[in-house]
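Shared between the two complexes below is chain A, which pairs with chain B and chain C, respectively.
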Partner chain A sequence: MIGLISYLAFFATMAGILAIAVLGLNLQWGHTGLFNGGVVAFFGAGAYGTMLLGGPPEPGQFGGFALPYVVALGGGILIAGVVAWIVGLLTLRLRHDYLAIATFGVAVAFENVTRNADWLTGGARGLRGFPRPLEAAIGDTFLYGLFFLGLVLAVLLAVYLGLERLVNSPYGRVLRAIREDEVSARSVGKNPTRLRLESFVIGSMIMGAAGGLYVSFYAFVSPQDLAPILTFQIWAMLIVGGAGNNRGAILGAFLIWGAWTLSGFALSRFAPDAMQLYTGSIQYILIGVVIVGMLMWRPQGLLPERVTKTIYQKGAKKGSVIINKEVI
Partner chain B sequence: MTADAILSTSGLTRDFHSFRAVDGVSLNIRPGSITGLIGPNGAGKTTLFNMIAGALRPSSGQVFLAGAEITGLPPEALFARGLARTFQIPRPFRRMTVLENVMLAPPAQVGETIIGALFRRRALQEEESRLRDKAMAILEFMTLAGLADQPAGKISGGQMKLLELARALMGDPKVILLDEPAAGVNPSLTRILIERIEELNRKGTTFVIVEHDMDFVMRHCDPVIALAEGRIVFEGTANEARVNPLLLDAYLGASA
Partner chain C sequence: MIQNLVDGVLTGSIISLGAIGLTLIMHMLRFANFSYAELLGIGAYTALVFDKLLAVLFPALSGKIGALTLTGTLALSVLLAMVVAGASAVVIDALVFKRIRAKADALSMVFASFGVALILRNVITLIFGQKAQLYSNDIAFAIVVSRDPLLLIKPDQVFVLLAALVLMGGLHLVLTRTTFGFALRAVAENPVLAQVSGVRLSVIVTSVWLIGGALSAAAGVFYALTNHLSPAMGHNFVLPVFAATIVGGIGSVYGAVLGGFIVGIASGLALMVLPSGYIPAMPFLIILFVLMLRPHGLFGEDQG
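== the complex of A and B ==
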């Protein structure tokens, strides 16, 4: 029983971390129409950034500043933001498919750096992390698993609430206008360059937060954690859940991560021996099939974007309530 | 440029590779006028609008708004200065409601920055209810109030043209450029559109209207400017346009 609960906690921790990244992508794609084909690079920038800042010093290795956890994680998020800002300045003028290709290229370059810049990233060996936050204080591994899940869910909730506030405000309204028609948005005075860049940087910082949580959970990071498939998984989660809908993004993360985990189990148990080497590839194909299938049959996702949703409705309700009171 | 023009251009020219779409256009728009801009397809009318509104860089020449040079300023800056435009083919924000399309237009909203959206909730809500009232009044004026909660992509093409004008009005513009507002619009919506334009005009808004419907132009526009192959070929009152043999041959005759 404890085993099952602890496994479920592990599962939910991973799904929750990925859900945070999906929320970041939802701000970029769902609300602003920015096609980020290199999600893994921003997730990775947060991951490596957190490690470098929080990890123990090692000979011949840059970083290892052993900073307090909150500072390390915050720094990782900031590093992801700076990477996004630079990439954004260089690529956001390139629209649509160009942005997708450019960000995909950034992810490939990022992976190359992690594999080869030994002094910075530890190369293929990776970086050894720091003790997980409060692990010593809590002691018991089962309890600690639950604690870390709580931490992840708290961050997920904070990100969700913050984003809901943002996208349901005039700010989100302008982002969607830019997504719908940039020329038109400019004709009514909106500056797409600034807004795109902001949305791209914030979305990427959220991905960086997910990356930072991910590596602090494993207390280790290596290029293997940042395989290109991660970008596709996160995209699949958003498309299945519903681009433009933050709840959909979270739902999609849990569903796809569940499907991924189950298919991994099933394949390792039931696939013939000769096929065992290829189970990873079969999962890749499954992800591809899910994305394409969803785009063909339900492109709006399981929880579609709602059309009317900015703040004025809440304001309106409030106002009318007050008026009613006066009338009474 | 003359001192009393609210909008003027001087030698405005635009080349697409070796093709000169607009060729040295100098014009002065009288404040408070409804100026008609006519000319056959491909004459360069939309290109001229795009240059004036900042959507397209001129190859050479200058644009002035209320005496200040605005050449090369981006469209977003011009909207804030009181120059608005609509598009020949309507460009609503399709997956947003009609009301949101209109509410988003006013520049420099409190809630349009991250800090404002997250932390200045009170100021934001006050602003939103003010904008909502203004937007609803404008939608009412444009006869679109009943569609306020519809996605803008679902309304008719004619209603989209009204919506674009409504959106423009949220910025309290001094000058509005309308690109073929009546094209493809049914007669009853066209009538509403004309009435609204004339009412706004009486209150002081200047209009420049590209229109193919000669009846529309002759009845509602004064003066009339005709473009052909990127150049101004006629400038005068509607009555002069009506009897101008050049226009009759080159344009009116062809469309009649």
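== the complex of A and C ==
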């Protein structure tokens, strides 16, 4: 029983961490129409950033400043934001797909650095020994698993509520206006380039936060944790859940992570021995099929974006009072 | 130095071939196609299959040509692979991109192209395995062109460079001397005006997929001939071919050719100052550099 509960807690912790990253992507893609082709780099910047700032010192290794947890996590988030800011600054005023290409490039460059810059990232070995927050104080492994799940869910809730506030505010409306029609948004005095950059940086910082939580959960990070497939998984989560809908993003994260875990389990159990080497490829194909299939047959996702329509209040003089009403 | 330069020119010719179709597709359909480079892998592996098949059917052809490791069967297989890859490009468009084009925006196509790339690459892995393969297990001996500075060139590399230049020259003739070439350039220049003048857009788009697929297949085989085949090869070319199109300016065939050589040579020369592990990121640095200095590339126009 304890085993089952602790496994479920482990599963939910991982799904929750990914859900945070999906929420970050939803701000970029769902609400602002920005294409991030290198989610893994921003997730990774948060993970490595947190590790370098909060990890234990090691001879011959840069970092290991052993800063307090909150400072380390904040620093990791900040590093992800700075990377996003630089990329966004260079690409956001150009053709829309330039951002896709540049962010894909960031992911490649990031992978090169994590694999080769041994002094900074530990190379292929990765970095280990991150002091997990309050682990000594709690002691018991089972209880600590539950505590960490609580921590992740609390961060998830905070990010969710914050984003809901943001996207339902006038600011969120401007972001959607830019996504739908940049020229009209500009004609009413909005600065699309700046707002896009802000949305891109905030979204990437949220991904960085997910990366920071990831490294504090595993106490370890290496290039294997940040394989390019992570980007695709996070996309599949958003597109299945429903781009533009924060609840959909969280639902998609749990669904896809569940499907991924189950398919991995089923393949390792039932696939013939000769195929065992290739179960990863089969799972990758499934993720690809989910992405392409959803885009072709249900691009709005399971929980579609809720369209906010502005209507005239009954009885009021035409054009005098305008209220917002959610129509689903 | 000179060795890096020569190797860079060779890689550049392969990147150029891969970028020609991509730049036209990006311009006409207005989306960055991340699955395009997988056509290199499709081409290279198709040639492997045909090579084995033809060697059994026509053993007389399986001898090596001159000093090359290229065999007669492989030379034929290149042509067949070009047809197959061109056809696959058209089929993928009909199955996926055309449908998404019909009801969603260009960025959804970018999204879908990542999914298509993931599927294609892993289907190749499932069929052919993860291990790197070679067309021929014979050792390709390099010829010492000069000892100081050291310069080694394999006969295969000379063949690849010449063959790539012949393909590009052929395309140039088609573009400048035939009615089809005029129509294609007209669509690239101004799709609406071209349609008004009686050019059928759908025919041109299909032919661009065909040409692009065929050239990419040749690029894939040429890469595999001078290096090796692996399922990741398409993925490894994604960034270089994008860099070539951006350097040259999206929509410009000649820009893509020049861009390919620039990216190839720059990556080759970068080996002198950077450890080889960082070379895959080189095209990314070139992209950033170009976006800062000349966002629309050498021959590109402002598309907003």
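The rule we apply is simple: the second predicted complex is superposed on the first by the 306 of 328 C-alpha atoms of A that agree within 3 Å, B and C clash if a C-alpha of one lies under 4 Å from a C-alpha of the other, contacts with A are read in each partner's own complex, and residues count from 1 in each chain.
Operating definition for what follows: contacts are C-beta pairs under 8 Å (C-beta built on N, C-alpha and C of every residue); 3 or more make two chains touch, one makes a residue touch a chain.
Everything quoted here is computed from the prediction, not taken from an experiment.
Novice: Applying the document's definition of touch, where does A:49 land relative to chain B and chain C: first, second, both, or neither?
Specialist: Neither partner.
Novice: Between chain B (first) and chain C (second), which, if any, makes contact with A:181: first, second, both or neither?
Specialist: first
Novice: Now for A:277: first (chain B), second (chain C), both, or neither, which partner does it touch?
Specialist: Second partner only.
Novice: Just checking: does A:126 make contact with chain B only, chain C only, both, or neither of them? Give me first, second, both or neither.
Specialist: Neither partner.
Novice: Looking at A:100 after the superposition, I want to know if it touches chain B, chain C, both of them or none. Which is it: first, second, both, neither?
Specialist: The second partner, chain C, only.
Novice: Check the residue A:288 against both partner chains and state whether it touches chain B (first), chain C (second), both, or neither.
Specialist: second
Novice: Looking at A:171, would you say it contacts chain B, chain C, both, or neither? Reply first, second, both or neither.
Specialist: A:171 contacts chain B only, not chain C.
Novice: Please output the residues of chain C touching chain A within their complex, sorted ascending.
Specialist: 26, 30-32, 34, 96, 99-100, 103-104, 106-108, 110-112, 114-119, 121-123, 125-126, 130, 238-239, 242, 246, 250, 275, 277-278, 280-281, 283-285, 287-288, 291-292, 295, 303-304
Novice: In the complex formed with chain B, which residues of chain A make contact?
Specialist: These residues of chain A touch chain B: 162, 165-166, 169-174, 176-177, 180-181, 183-191, 198, 202, 305, 307-308, 310-312, 314-316, 318-319.
Novice: With touch defined as at the start, can you tell me which chain B residues reach chain A in the complex?
Specialist: Residue positions touching the partner: 53, 55, 74-77, 79-80, 84-85, 87, 91-97, 99-101, 103-107, 109-114, 116-118, 124-125, 127-129, 131-132, 149, 151, 167-168, 170-171.
Novice: If we count contacts the way the header does, which residues on chain A are in touch with chain C in the complex?
Specialist: So the residues of chain A touching chain C come out as 33, 35, 37, 90-91, 93-98, 100-102, 104-106, 108-109, 111-113, 115-116, 232, 235, 239, 277-278, 281-282, 284-285, 287-292, 295-296, 299.
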